[in-house]
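So that you can tell them apart, the chains are marked A, B and C in the order they are listed, and the count of residues begins at 1 in each.
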Amino acid sequence: MITFRRVTLAFCIFCLFPLALIGCARRGGNAPGVEKSGQKIVLDFWNGFTGPDGKTMEKIVKRFQKQNPDVAVRMQIIPWGTYYDKLTLSLAYGGAPEVFIMHAARLPEFASFKTLQALDELFASAKPPLRAEKFAPVPWKATFYQSQQLAMPLDVHPIGLYYNAKLFKEAGIVDAKGNAQPPRDLKEFLSSARKLTKDTNRDGRPDQWGFVFTNQRSNWLTITGQFGGGILSPDVKTCVMDSPANRQSLNLMHDFIYKHKIAPRPEGVDSWLAFRQGKVAMVMEGIYMLASLEEQKGLDFAGAPVPQFGPKGAAWGGSHLLCQPARIAPEASQAAWRFMRFLSDNSYEWATGGQVPARLDVQRSAEFAALKVQAQFAKQLPSVQYETLSPRANALFPFVDPAIESVLLDLQTPENALRDSQRRIEQVLKRP
Amino acid sequence: MNTSTVSQAKPKAARWRGDEASGWLFALPHLILFATFVLGPVVYGFYISLHRWHVLSNSHPLVGFSNYSAALSDDIFWIALRNTIYFVLLVVPLGNLVSLSLALGLSSIKRFKTFYTVAFYLPVVISIAVVAVLWRWLYNTEIGLLNMYLSATVNGLRGLGLPLAAYQPIPWLSNPSWVMPSIALMSVWWGAGGNMVLYLAGLNNIPDDYYEAALIDGANPWQRFRNVTWPLLKPTTLFCLVFSVLGAFQIFGQTYVLFAPGSGPARSGLTLALYMYQQGFSQYEIGYGAAIAYLLFAIVLILTVIQFQLLAGSERAARRTAKAKA
Amino acid sequence: MKIFRRTQWWLHLPMIVMALLFLAPLGWMLSTAFKSPDDIIKGLGALRWWPNPVTTENFTGVLSKIEEFPVWQWTGNSVFISLAATALVLTVDSLAAFAYSRLQWRARDRVFSILVATMLVPGQVLLIPSYLLIRNLGLFDTYGALIFPAGAGAFGVFLLRQFFMTIPVELEEAARLDGCGPMGVFRNVILPLSKPALATLGIFTFMGTWNAFEGPLIFTDSLSMRTLPIGITIFQGRYNTEYGPMLAAATLAAIPVVIAFILFQKQIIKGISLTGLAGR
């Protein structure tokens, strides 16, 4: 037995060694320093711009490098699905990039743990000046958390109405000049959608639909926002899922499918493919989907603001904000600021890929007005609503999405789904 | 768990003098890696599960087992557990049946063996992100290949005058009761090749003498399978079963890439590993996520102990049968 | 000769059907890789397998932008990491499996139980502790971060131990009478007889490392350290996927693995014809 005990003891000590290595992780990692390659300050720039967005960003970064030979930007594209996992680990344990993209709806969470650098002074001393009046107010406001400014807004990507102009013309939904006429309110939307839903092969199932739900969360937030609903109250302290406005909007969406029969049962984002195939006449999708439509040859599409279904205007939107980590060396922070400023000043090029620049001077430029879809979607900017600006936002979505989905799939009544969601979200908000 | 019962075929060889030392020495290279990269993190993960632990937070208060009790009173945990068990029950028998049939087919033919083996194994090498893209195309109700082919087949048969009802498209991924079968089907396609290789190795391990003996007894192909192949393959079968169950309980990638945050209609695609990941990573409550992981671990541990007992029992039985036949 | 006395030609019928079913999704992948972006979507609705027009723009697109998308470097990384991990696993696991199956030592079964038990822990829970460990070991963003953890698993030890236990004791005893020590038995008796098991484990490890996703993602940072599965996701947007380039890259990524598999599986089938191995 003695030998056995000794062996076990040795084994346990042996196992403790890796534990000690894990345990001695220092919070925040290494002290902030400036990485240099030769004479250049190295800036790591993380974003999730996969696909065409990334190529556009790459071009802008290259131009910055040419004009700023003392800075080397190392851009890293991490797909959004895993982007925040990686960002969180780097902010918590070291290795955070000097500049990174953050969605407006995620900023409060990261801000509440004090992981972001305050930019108030950099904004105040910017030359030429860069103040609130240069930015659209909605994204500008989203950069503040507890009256500290923690980010520079790059863009807004609102939802909008994409419609298939060819199908509209075939159905005779045209204005005086013979151009396709997108619907502006609920009545026009329903009557157009009815005309656009067709069973061409007479098998009893429509094979052309007036509308389809693609991204359910953004579609619902748009419609419910127009009724004055949402996830949390404006002070983000109480949950308002189970509210009359939300019930009304969800009932309306349910009716599109089961009462008016103008939309098929939703299939998640892949329903988008049906619009690309020309089998669906209207969808409400983010402006960033533009690139995928532009590569669809022969698809005669156009963009318009979303119809107004409820008593007031509202459109879901997101924003890419530019942030710096809380622990950043002053010299790196200055260089990072220069880079952020450059991206903002040059956001027209960024907009071509399917974004609305946050900068008003860029929005008002003639070249931006020439971008047809972007200019249409940009009209909605004053009424853009983010998902919710709560530090808990990301923990709430797993309880919002299933409610919408089960109503649209006719698995639960709007009343039950919202009550259930309300209860769960209240639990999350109660957590310490 | 006493794993020495896994196989009673423990060689009863006389011991070398230095066995004690050489045992440790032979095991050491692996043990160092194992203790560092597996055991350490496992123990530390358990430590985390006893805390309220947000990745970005500076303080991690110790909360004892309250993460565990929270999980047990969380109805979504139970939904996820039920879904996971349903998946295991679907995919383990089906997957093993397919793998075994393919291996039997391969071992019974001579030509084009490489072609078939590669065809069956090929899906294994495709990364899950790509698998998801392809299968979402297949599974789409309105524009998916599967429904379009099925509908064309039904229409064709109707055209031939068969009294069939018009084809109603199957909502593969949008109806809660179809979700898990769809995921299971995709998983079988994706992973059958792996077990097939093991079954193939097991089949090739059965010496021809046994079959010859059976042939002399006048056994037909079914009897030969029943009396020779099946009992002698049992260790392989059970090995495959144990690891399929293990893998199936940890199902993560398939549902992660097919469904977004809510995880499918009525949470029908939400599995335990996914729920754990969501809690641990998307919401950064790694203490709670880790607690779910260790509950899953406890469940799988109990099941595996039972399976190992079965494995040991039937290995003994297999040897007896084999001896009797020989 | 196995279950059937002669080669059964009719068996090719079900086999070919199964093979077609297994290959169909991949066939669609291959044809999509040669389609233009609008044809990908139109072809999907029209069940059109043959690309119209056939284009190699996806492949050239993937291969030409080496700077943003160093696909060859990623392939190189994947090949190197997978080969290194396989070599490591085969070495340490076979040694360990030998210790757990053929050597008599006191703590053996207890240690082995721990090994087996850890296989039941869901892998995702290890990510954050492993991340901290790898940072503190200074392995972050190196090949080591991807290779060493792959060699630490217990599956290979378990698999090989099961195979080693089936090797008759008599062979070992004969070798010992010839004056072989444990190492001698290991090298001259166990290893030569375990080729099929080693080949199987080799394939499993190679594929597992090749397809690994989360580890490489979390444990490395720089563009030049990425592996192919992660590289491929560059084409996958949050809402939008560039199907053509993604599937072209997936096709390219599959080629080396298929070659490796064809080579290895010949090895298995040859190695397995060693008779006497199944004398349990």
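Just so it is clear, a contact is a pair of C-beta atoms (placed from the backbone, for glycine too) under 8 Å apart; a residue touches a chain by one contact, two chains touch by 3 or more.
What you see is a predicted model; the values in this text were computed from it and never measured.
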Busiest interface, counted in C-beta pairs: B-C
Farthest chain (mean CA position) relative to subunit C: A
Geometric centre distance via CA averages, subunit B-subunit A, whole Å: 36
Subunit B and subunit C, separation of their C-alpha mean positions in angstrom: 16
Where subunit A touches two or more other chains, by residue: 18, 21-22, 85, 89, 269, 273-274, 277, 279
Per-residue overlap in subunit C, given as positions that touch at least 2 other chains: 44-45, 106-107, 111, 128-129, 132-133, 137, 233, 236, 241
Shared-contact residues (touching 2 or more other chains) in subunit B: 31, 36-37, 39-41, 44, 55, 137, 143, 281
Touch list for subunit C against partner subunit B, complex: 1-5, 7-8, 11-12, 14-15, 18-19, 22-23, 25-26, 28-29, 44-45, 47, 91-93, 95-96, 98-109, 111-130, 132-133, 137, 148-149, 151-155, 157, 159, 162, 165-166, 169, 172-173, 176, 181-182, 186, 196-197, 200, 203-204, 207, 210-211, 213, 228-229, 232-233, 236, 241, 243, 246-247, 250, 253-254, 257-258, 261-262, 265-266, 268-269, 272-273, 275-280
Of all residues in subunit B, those that touch subunit C in their complex: 1-4, 6-7, 9-16, 18-20, 22-27, 29-31, 33-34, 36-42, 44-45, 48, 55, 102, 104-130, 133-135, 137-138, 143, 145, 148-149, 152, 189, 192, 194, 197-198, 200-201, 203-208, 211-212, 215, 221, 224-225, 228-229, 232, 235, 239, 243, 246, 249-250, 252-253, 272-273, 276-277, 280-281, 286, 289-290, 293-294, 296-297, 300-301, 304, 318-319, 322
Complex interface listing, subunit C residues touching subunit A: 36-38, 41-42, 44-45, 68, 106-107, 110-111, 128-129, 131-133, 135-137, 140, 217-218, 221-223, 233-242
Subunit B-touching residues of subunit A, taken from the complex the two chains share: 14-15, 17-19, 21-23, 27, 84-85, 88-89, 91-92, 110, 113, 115, 203-205, 264-271, 273-274, 277, 279, 394-395, 397-398, 400-402, 405-406, 409, 411-412, 432
Subunit C contact footprint on subunit A (complex, rising order): 3-4, 7-8, 11, 18, 21-22, 24-25, 29, 48, 50-55, 58, 74, 76-82, 85-86, 89, 93-95, 215, 269, 272-274, 276-277, 279, 285-286, 288-289, 291-292, 295-299
